[in-house]
Structures are given as C-alpha cells and as structure tokens.
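Each of the next two complexes has subunit A plus one more chain, namely subunit B in the first and subunit C in the second.
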Partner chain A sequence: MTSRALAWRTAAAEPARAGLAIAGVAVIGALLFDMLMLSQGLLVSFRKMLDTSGYDVRVVASDAFPARVDLTNASAIAADIAGLPEVRQVTIVRTDRAVVLVPGHAPTDVALLNVSAGAERQGWRVVEGVDLGALGRPESAAPAVISRPLSRALGLAPGSPLPLRALTSDAASALPILRFTVVGIADFQFENDGPHVLATTFEAFQRARASVSSDVADVILVASRSSTDAASTVAAIAGRRKDVHAFSNDQIVERFNENGFAYFRQISFVLSTITLGFAFLLVATLLTVAVNQRLGQVAALRALGVSRRRIASTLVWESALLVGTGGLLSLPLGWILALVLDRILRDMPNIPDALHFFVFEPRLALWHLALLAATGLAAVVYPVWVATRLPIAATLRLETVS
Partner chain B sequence: MTPIVEGRGLTRTFPMPSGPVTALREVSFQMAPAEYVAITGPSGCGKSTLLHLLGCVDAPTSGSLLFEGRDVARLSESDRSRIRLTRVGFVFQRFFLLPMLDAWENVELPQAEMGVGLAARRARTRELLDYVGLADRARHRPSQLSGGEMQRVAIARALANRPALLLADEPTGELDEDTGEQIADLFDRVHADGTAIVVVTHNPVLARRAKRHLVMTRGALGAHR
Partner chain C sequence: MAWLRRLPRRVPGTRVASTAPSADPNDLFVVLDRFHWAIAIVTVAGSTAFLLALMVMRAEQRRDIIGILRLIGVSSRSILFEVLLEGLLIAVAGALFGVLLAVASQGAINRFFQWRFDTTLVFVRVTAAIAWKAVAFAVPLGVAAGLAASWTLLRRSVVSLVGR
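Take a look at the complex of A and B:
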C-alpha cells in the first residue's frame, strides 16, 4: 500500500474530520482566491478598458495626470500630432456638465462627452441608430449619441430633439439652450451610476456654443499605426510638442497601479496573508490533533520497521489531499463570492460599468493553488516532526498504560 | 552459533522530575535462534523496557546490545529500523492495528514497506491469515474483529517478513482466558516453525509454554525457580 493510498484511507476513515478540513480550506481558499483577483482586478479591467477604446496613447496638459488640467488650443495640438508619421488617428475629448431639458421631464444632469469628428473608435458601442460620424456634417442640428439609461429615463429615440444647456466654468453667465438631435443610443464604456452620458462631436459642440468657444479639451486620444508601438508614438509626440504630455496605455496603467489602485493591492496583500495564515493554522491544527490521537499506531508502525520517510510521506499526502480538495473547491466558491463582492463594490459612486474589482485570470488560479500547496506543506511540518521524532518505546509504554 | 540478540550489562535509566529512575540494572541476556523465552515479573519491574531494548526501539543507558552480532549502538536509526522491519516482529498488548485497514491490508503493510512484490505479498498474506485461522475474516476491519482475532491479525502482521525474533509484550493482557490459550497455542506453532520468541507476560499459562522462563525483579533478571 502506497503512502498516498494510506493517506486516502486515513482521511476516508474519519469523514467528519476530513470534511471539516476540506470545507475549511475551501472557504479560506475562496477568500484567498478573491484577494488575488482583487489585487489585479482593477488593473486588468482598467487595462482592458483602455485597450478596447482603440487608442494607445493619451495626450494631456499636465504631467500630474490623472489629475485633470485643461488642454488649451486642442485643435491645433491635435492637428500637429495627426501629422506625425507614427500616428493613424487623433480624437479630441472633452467632458462638460450639462442639463438636458426635455419637455415633460425634469431637468436632467448629464456628462457631455465631446469628441472630434471622424473618430472610428470611441468609448461606446452603438446599440440603436447610428454613430456620430455616420450622418456626415449636418449644419442644422448637432448629433448626439445618448446612453441607454438616459434614453429610458427621458423616452428618447434616434431622431428625437434634445435641448440642453451646457454648464461650463469658463462661461460668464448662463449659456443658451443648444439644440441637438439624438442619432444613436449606446452603451458607454466609462458610464457609471453618476450622471447619464451624452456624446457629441467636438466640432458640433463648439459650433453650437460659438459664443463661448475656447478650444479646450480634457485629453487627446491617439491611435498609433499598426507598424508603430505606443512607446515610439509617445516619443514622437514628446519630440514634436513640449507643451503637452503623452502617456501610453502601459504608462497610464502603471501610474494608476502606483496611485489609485495601490489601496486595493495593499488590502488584498494583507488579507491574502491573513487567509494563508488561517489555512496554515487550520491544516496544522487538524493534522497535529490527528497525529496526537494516533501516536500509539505511529509508534507501533515504527516498531514494526516502517521508516520515518514513509510516516512523513503519508502525512504529506494526507495534507495534500485535504488542502488539494479544499483548494479545488475554493475556485468555484471564490468565483461566486467574487461576483457578489464585485457587484457590491461596483455600486459605489463613479465606478464605470466596464471596471471590475475582481477579474479572473488563469495565472491567478495557478498562483492560488501554488500558495495553498505551499501552505499545506508548511502546515504539515510540525505534525511530521511529531510523528517521526516520537520516542517509540516511551510512546508504546504510555499508550499501553493510558 | 551466533545468538540472535545478546545484551551485556544493560542498564536503562529514565530521567524523571523527581530524579532518575533505573528500570534495568546490569542485565545480561542471550537469545539463541529458535529459542522460546518468557519473562515474568511484577508491573514496573522493567520487562517491557528490556523487550524494547531487544527490539532496537530503545537504547540502553549503558551496556551493549548485539543483534545477530552487530553492535546496535553503532547502527544508524535507519539501520535499526531496517532490523526491526526484516528481523524482528512485534506483538503489542493493545494490538495497534491500523483501524482504517482491513486484516489483509494490515498484514500486507510491513511487506509493502520491505518492497515485496505484489504476487509474493498476496501469497504470504493469504498464507499468514490462514495460519492464524482468519482467512475468512481477511476483509474485516479491526473494529469488526474480536480481541482475540485482532491479536491473531497482529501476530500475522509481526510474522509477515519472516522475522528471526518475535517479541510479544503482554499479548494476552487484553484477552480472556480461553482466547489467551488460543494465542498461546499460536505462539507454540510459531516457535515450532523455527522463530525465536520472547514473551513478556503476567499470564502463567503462556509463561509455562516457553522453554526458558526468566523472572525480572526491580530491573534485575533471574531464572524462574
């Protein structure tokens, strides 16, 4: 009989103990798995969000990014950048606050996203109607793509008139009501449970509010040519324009990793360490108690010539069995728990729909299993020491008289 | 002929909080192959201590022990474990069978540890269970066996690797008189088949079966009168 088979028979002979150990490891392992997903989730989903927007470089006014500083003279800067050989496309983006004034409905606050015309990939996906550039350049009414929640709230559909008043800080007094037309309804990548989102072209918005036009943008999005990587484009922009700062998606993710998301990473590190500690204590305690309960058997086996290595390997297999089974069960359990926790955390204000706190990656599952395996091995050290170093004669004597 | 085991001036002292306790005092003992020795004496006189020394599970505080001519003190723990596995069989008062294994598996275990092949292991296990009269209980776990049956399985396990020396510590201590007699009969057969036996017992019936009867008193060994 192999050590593995002996370990299996030992565990099976005490189903309650084995069941409790496996359940304990599964629960603790689920928490560990969640903490690992949390440590990377925001970064991974943020990275995905950036990459799926279709732009690999962002140009801003200040090195203090992501702090918002107005990028003045945006059209000229965009045109200059568009002339670089590394650049395939440039989009100017500005976000303003506005109030939609649809008759029969209360004034509704919206985030007004202005992007330069011709952008083929923006941060939204049209689900009804057409995109901003599809109708050419209508002179009469500015086109607007609105979010699904805004469409539902105000009963708007493609073709609906959309009166709104912009609330810009650079306006000396209340701006006039602007007339937009809904051309499409879309799911916005960065939309959160804050104000509804409405997108129009940078040019249309500037034209509609010509009296206070300032040619200011939040950011200029840049797409590199397929033959060029983002770092080269960043270098080219830095060489051309000393008055702006360009960041590749990698640099942005790294900056968020160092600042905004570090909080979650630190929490997940602390909680991961604690859960590993719990797993260690659980398995070590159960195995130590189990060994102490069968000291007589172990001493008898040693007296019969069973080697220390055999005793140790049986215990290691028993630990592997308990931790391995619990660890595998913890993956689906952790996944379900992550879905619940993610939903709760994403209910926080100003969290974009596309951003997730818990993101599964295959390497995290491997890390999780490796950490549990290491914990299982560490937890078995003391029980192995007890079992292999026990004084055989004294233990037999004690077990016989007790 | 080389003795299986020979102790010279064996002394074993245990450190205790109240001061050292000497369980064995200058005991010299020699065991010839195929000999059958019973050691009796009052509780706490050092019988089990001597048995543990003879079985290489404990070491004397002073004196020397030779097992088949080899000085046990010079052997590594691994070597002593090998001697226990291949040359010594142990039978305990409380059986110490593995409760999660059935009778067959308990008897197979020492053979597997020694690396005996599957076919040979099966044949030997079948032979031993038949030998102790438990062929029909092979698939029963210890909890499904009586005390006498458990002790017979334990004897079969002790004989699994054809030891030269069988050591039994109060093998009938947990059994009734009739069952004790059955175990005594079994020891007679084992001895008749050429295995040396040292049995430590309070059971006079079992002690009388031995060819040599020694009495231990306060750590000293003497012949039975």
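Take a look at the complex of A and C:
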C-alpha cells in the first residue's frame, strides 16, 4: 500500500476528526484568502476606476493631492495644456456643495458638478431625457442632469423644476436660489452613497455659485495621445506649467497606497500573518495528537519493516489531505465571505460604487494555496519527528502492558 | 450638547463635531468595528471546528474507560456531569491561558508591526472588557465542544464501547 493510500485510510477511519479538521482549515483559509484580496483590492479597484474614466493624467493645484486646493484660472491652464502635442483631450472638473429645495421635501444635499462641454459622456450615462446642451436652451435656463437616486428621492423627472442654493463651507448661505430644470436622469461614474449628484453647464454652475468672474476648478483631467505614455505627458505639462502639478494614474495609485489605503494594507498583513500562525498551530496540534494516539500502530508498522521515510511520507500525505482539501474549499468560502465583508466596509461614507475592498486576482489564489501548502508542511515537521524517532520495542511493550 | 447645533448659526463658517463615539451606522469607526467583529466571528468558527476535532479525538481515546464505567454501573448522566465539569475546568484554564498569552505577547506584536510599518499606531491592546469578552466566548464554547464530542460516545451501547 502506498503512503498516499495509507494516509487516505487513516483519515477515512475517523471521518468526524478529518471532516472537522478540513472544516477548520477551510474557514481559516477563507479568512487568509480574504486578507490577501484585501491587501491589493483597493489598489486594483481604484486603478481600474481611474483607467476606465479614459484619462491617464490629473492636473491639480497642489502637491498635497488628494487634499483639495482650488485650481485658479482653470480655463487658461486647460487651453495651454491642450496645446501640447502629447495631449489628446482636456476636461475641466468643477464641483461644489448645494442644497435642493423641492417643495414638499426636506432640503437635500447635492454635489453640484460641471465638466467641460463634450466630456459629459465620460462622466455619466443618460438613462432618461437628454444630456446637457442637447436642447440648445437659452442662457436664462439652468439645465440639470441628475442621478437616479436623486430622481427617486424627490420624485423628479425630465421637465421638473428644481430650485437650488449653493452652500458656503457646508453651512446655510444667503446665496440666491437658482431655478434649474431637470433635462435628464443619468448613472454617474463616480457616484457614491454620499450626496446625490447634479450636473449642469458651466454658466449655470457659475450662476449658482454667484461668482461669474472667478474661474476655479477641482482638477483638470488629461488624456494622452495613443502614441504617448502618461509619464511623457506629465513631464510635458510640468515643463509647460510651473504653477500646477500633474500626476499619472500610476503616481496617484502609489500615493493612495502610501497614505489613503495604509490601514487596509496594514490590517491585511497583520491578519494574514496571524491567520497563518493560527493555522500552523492548529494543524500541528491536530497531527501531533493524532500521532500520539497511534504510537502503537506506528511502532507496529516499523516492526513489520516499513521504513521511517514511508512513515514520514504517510504523515505528509495526511497533512496534505487535510490542508489541501480545506485549502481548496476555502476558495469558494473566502469568495462568499469577501462579499459579506466588502458589503460591511462599503458602508463607509463617500465610497464610490465602483470601488471594492476585496478584488479577486488569479495570482492571489495561487499565493493563497502556496502559503497554505507551506503551512501544512511546517505543521507536519514535529509529528514526523515524533513518529520516526520513537523506540519500536519500548513503544510496543508499553502498548501491550497498558 | 444643544450648543453644538447653535454655534455654527452664531458664528457662520464654523463647523462643530463631537468627539464622542458616533451612533451613525455609517460612521467610519462604527463600520470598522463591524468589520472587526465579522473577522472575529469567522476566527471563532474556524477555531471551533479545530476544537471539536480535538475533543472528538480525546473522547475516542477514552472510549474504553467510559465503557468500563458504564459496565460497573455508573449512569450516563453521572459520566456526562463529570465530562461537563472537566470541560468547564479545561475551558476556564484555556481561556485564562489565552488571555495571559495575549497580554504577554501584545508588546512584542505591537513592536514588530510598528517597526514593519514605521508607525506609532498601537495594533493590539488587551483591555479588561476584551479579556472578559474572550472568556465569555471561550468557556461556553469549550464546554459545549466537550459535551458534543462525549455525547456521541454516551449514546453508543456499552458492548460497542468496550469493543466486544
């Protein structure tokens, strides 16, 4: 009988013990798998979110990005950058806080959004009505494209009037109320569970803020030409404008990795380490107790001529059976657990719908299985030492006498 | 705390927030607390499976003794009571050992991860409340695992217990 078959028979002889050990490895392994997904999840998800927006460079006012500092003279800067040979498209993004005052409803906070004309389709997708500017409205009208949640919350449809007052420092202001008209309802790319989104034209945006003369923006988004990489565009912008700071998507992800996502990187590392240690202790204890219970059986096998190597091999196979089966089961279990944990963490304020904490990558599954395999091998070292070093005659005598 | 709401009206532009723990279910720290609880529950589930496996092995090891006790007339109820008491003692001792181990190792764990991440953040802090929670989880769990493992033996016939 081969070592593998002997290990299988040993496990099958005590199905309750084997089943419970596999269940334990599966649950602990699922937690380990989740921690591995958490260690990279935000970065992968954030990177994907940045890339799908179609822009590969962000231009901001301060090196302290992501801290928000107003970018002044935004139109002039955007026009200057648009003239660079490396640049294909430039979009100015402006946001502000406002409150919607629809009769019969409580005042509702909204994020007022404006992007350069022509860039709307990269920021949102109209699902009902029309997009901004499609109707060629006179300047007196303030068109608004609103998010689906805002439409549902206030019962608004294309054609509905929408009175709005901008906020100053998040507090009630004495700015005049501006009457918007809903022209469309849309799904916004970076929408989150924070304030609802309302997009409008530059003119209406300025009128809502009662600051027609100032030209400030949050960020300027830049798309490089297909023949140019983001790093070259960043260098070109830095060469042309000394008063702004340009970051490629790679640099932004790296900066968030250092600062914004540090907590999750740390907790995933801490918990992965502890989980591995925990799994090692549990499997090692289980196998050691099992070997101690079978000392007589092992001594009998040795007395029959079974080599130390074969005894060790049987124990390694037994460990592989428990850890391997548990490890494979931990993948689907970890996937389900990740969905639950992701839902819990996404309750945090201002998390965009497209951002996820746990993201599956095939290499993580391989890492997970490799770590569990190493743990299983480490856990079997002591039981193997006990089984292969036991004195045959003394053990058999002790078994017979007891 | 009404002044918290009044101040921004009297001094426009100011923002006032309480440092007391928030009751908002979407507050950052409330969400993280829920996340930590979820992880703790998963860890407890995993360790319970291992604990049950060990208890099953221990019960199997004592099959002969239980069979002999039944043969000489000791009732199943008395044996179960003995198993319950023994389980309670082991669970209490194990829980106390666990708490002592956590207290003893927290300094080393904090120092390692503070070095690893170059931070002064405290990663592990064993407080009295946490220690009590751990004991409150571990003791009933240990007793229940011991009982569950022994229960399967006590339901068997005496003859099968002594291997005849």
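By definition in this document, the second predicted complex is superposed on the first by the 369 of 402 C-alpha atoms of A that agree within 3 Å, B and C clash if a C-alpha of one lies under 4 Å from a C-alpha of the other, contacts with A are read in each partner's own complex, and residues count from 1 in each chain.
What we mean here is this: a residue touches a chain if its C-beta (ideal position, glycine included) is under 8 Å from a C-beta of that chain, and two chains touch if they have at least 3 such contacts.
As the structure is a computational prediction, the values presented were derived from the model and not from experiment.
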Here subunit A is shared; do subunit B and subunit C fit on it together or clash? fit
Examine A:130 and indicate which partner it touches, taking first as subunit B and second as subunit C; both and neither are also allowed. neither
Greater subunit A contact set [subunit C / subunit B]: C
Could you say whether A:10 touches subunit B, subunit C, both of them, or neither, answering first, second, both or neither? first
Three-chain overlay, vertex subunit A: subunit B-subunit C angle, C-alpha, nearest 10 degrees: 50
First, second, both or neither for A:370, with subunit B first and subunit C second: neither
Please work out whether A:396 is in contact with subunit B alone, subunit C alone, both, or neither, and reply first, second, both or neither. first
Check whether A:30 is in contact with subunit B, with subunit C, with both or with neither, and answer first, second, both or neither. second
For A:303, select first, second, both or neither according to whether it touches subunit B, subunit C, the two together, or no partner. first
Once superposed, subunit B sits from subunit C at a minimum Cα distance (Å) of 9
After overlaying the two complexes on chain A, where does the subunit B footprint on subunit A coincide with the subunit C footprint? none
Please name which positions on subunit C make contact with subunit A in the complex. 8, 12-13, 15, 25-28, 31, 34-35, 38-39, 42-43, 45-50, 52-54, 56-58, 60-61, 113, 116-117, 119, 121, 123, 152
For the complex, which residues does subunit A have touching subunit B? 1-2, 6, 9-10, 12-13, 296-297, 299-308, 310, 391-394, 396-397, 399-400
Given the complex, residues on subunit B that touch subunit A span 48-49, 52, 55, 57-58, 77-78, 81-86, 88-90, 92-94, 96, 98-101, 105, 108-110, 112-114, 157-158, 161, 169-170
Note which residues of subunit A are touching subunit C in the complex, please. 14, 16-17, 20-21, 23-24, 27-28, 30-31, 168-171, 193, 262, 266, 269-271, 275, 278, 282, 285-286, 289-290, 293, 337, 340-341, 344-345, 347-349
